[in-house]
């Protein structure tokens, strides 16, 4: 499969500003940081959640714990992932019971990742509330899932892919829209 | 790394494959601590558990592993003594196959039986112990236990005590640990530790006195004394205890941070002193948990996932999935 | 009349190796000489082929009566003819055991329609149970050529002595399948590094050699004729050599699979499971030396057919044995002659005068001799496929093996038993 870059959706600076806005939104709309916690979905949700927590700490002086979640075991499409679906550890050191959780991921698309994430979280306990925060919402939902905190909404076609590149993983910082070519 | 199709023995695995399995077992170790131990990962899949030799622990471990992954199990328990004539293995296997399981776990008294089955069925075969040949999942869970406690599998002095000749667990351990460069010392009564065992793998030596075997050991693996022995006289229990029981005094000859493993079930007071079995160096309970983790990882990898020849789907890039 | 022209005649009895023609009249050899002519004879052109006296197989299992699922006298002898054999000695472990004259006669009657001569070997003890002597004299009258409890060893030194003392005046050789039951004990392959690695119960070489030693001592005691069946180890060969040096009438045979394969060839494939099991490389090399220097008297196939379902089981449960008629000569040529370990004349001896000597008969190409000839090619390249075998059974490790050298035509009693 070949891909062709179509256009840039967010520059590095725009990512940074968006995350700052999201961090403040979350604090505002959470009625207090008491039981608040962020859960980064592997892979790119993790650095995003860590950055948001860091911004919360620096600007709003609010300390919110960050956990990481690997959803591979909860996927409903395991047989299409490829021959060797590697599992990673989830790390949530705080209890999940009665927590006000915000799940953080890079792109919201069909909604299946979020469903798997919820299954995973319910295996660990009974959170009081779960909301979703994403950098990009690209539409094409297949399940009734919505994000409460959205960085940017983008209209895309089925063949297009939204690529979020972050320094921690990709050594560059931007969001690209790419297209699959035959 | 070559994808695993079956798990028939350790001898045929590379260190890369073994490391992969142990790494993949780690998330499943944590999973055993979750309050809700039920995944839907293998939901709708069926695992046939075909035990032609009696076993409680391994059978329960595999059955639990499959259930916790959300799979259903088909349980076949055919106690077969070598004298019993009955349905042949090929017929039993074909019958099971007609019920279309997605994998089969097999324990059998004949060495080579899982390979026999794997040659005839198109589904993954998991060897839960064949004759005196191998018990690969035991070898893997022992390795995971050693790696967790010691930090690595390389370069340790590992002593195995007992009836090595008839132990498939010992053979799997020997193959696995020598692949990673550890050194094995085998110890037991002469008729149970023949010289031929030294040719199984590099860095294997055999020693008849337990004191010599324990000096300098980092890991001690104690084997059960098998009292069901055909064609051969056994050794009197008192004789064995006198010469080969692992007592606290003898254990002190090993290094101070030595760990003690036992594949179970233990006969306390025979091959192992209860004080050692329950003591701080004993890892038998971790072995059991690790057994579940390893078996879940193997079931997950061999039964979950796309068929080996499936192309990678378009949504392969990790940030392009939803 | 049948005239075999232009062949290379190899006759060990007269040490002949020459371009000669052979004329057969009726069921006998009429003449052998250069440029023979016989206007009324059917002519067979043996140009480029070797013409030898008819091969004898001292050891095979035809499974009739009682186990016709695996083989019958008809199918077995057809396979034997395709392998170049003109006479085969079938072991008595049938159902019922051939321990009395009526079973012997039954076999001989069935064999009247067979492709090759069938010379039965009678049991040494009743039912081969190792207790009482079988009806040996009656069987001799009915046509047995030797006695054996093959499948098992003759049960004790005392019984061996009795059998030998009984058979000696009857002129019957005693053939023993040498094995010590207490060492054999449930084993399925040769004990060694391979059996340890595979987790299969091993049988030490001493299981055979202890019994060979015992039999040689009893032969010393009785002066009888002793023949060691399917010998597989260097140590056993040492005992036989010592016995021969001491002037005892002791002989032995080796199977083609024992001079070709070793225990290293065993994985869990039941086509490599037989008794005695495949031995070590050192044993195989010692046997080849013994074949070359004359310590070993004969090559015998121990053709042991088993129907497919019985072998399609776990290694532990499979019966012992492989087929062997159709690959014996080809293995001899490929593994021994082409590799220059043996001369061609020596190989032919091992199939003709060697076995004949054990039985106390003659086998040569000379006027008045039985009209049995084995015609073969040293160079012909072919691949053996078990699916094309004339045997009912397919249990052979040599399936799909390429060979250089093949049987071409087999003549028994002056008529073609097998021809191209």
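Going by the order they are written in, the chains are A, B and C; count residues from 1 in each one.
Everything below uses one rule, namely that contacts are C-beta pairs under 8 Å (C-beta built on N, C-alpha and C of every residue); 3 or more make two chains touch, one makes a residue touch a chain.
None of these values were measured; they are calculated from a predicted model.
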Taking the touch definition from the header, please name the shape of the chain graph: line, ring, star, complete or other.
line
As a test of understanding: of all chains, whose mean C-alpha position lies farthest from that of subunit B?
C
Inter-centroid spacing, subunit B versus subunit A (mean Cα positions, whole Å):
39
Between subunit B and subunit C, what is the separation of their C-alpha centroids in Å?
46
Please work out the Cα centroid separation of subunit A and subunit C, and write it as a whole number of Å.
78
Give me the residues of subunit C that touch two or more other chains.
none
Send over the residues of subunit B in touch with two or more other chains.
none
Could you list, by residue number, the parts of subunit A that touch subunit B in their complex?
1, 43-44, 70, 73-76, 78-90, 105-114, 119, 122-125, 161-164, 180
Write out the stretch or stretches of subunit B touching subunit A in their complex.
3, 24, 26-28, 30, 34-36, 38-41, 297, 300-301, 304-308, 310, 312-322
Help me check something: in the complex, which residues belonging to subunit B touch subunit C?
11, 82, 88-90, 108-113, 115-116, 130-134, 165, 168, 171, 194, 196-197, 199-200, 230-232
In the complex of these two chains, what residues of subunit C are touching subunit B?
185-186, 191-193, 196-201, 267-268, 312-317
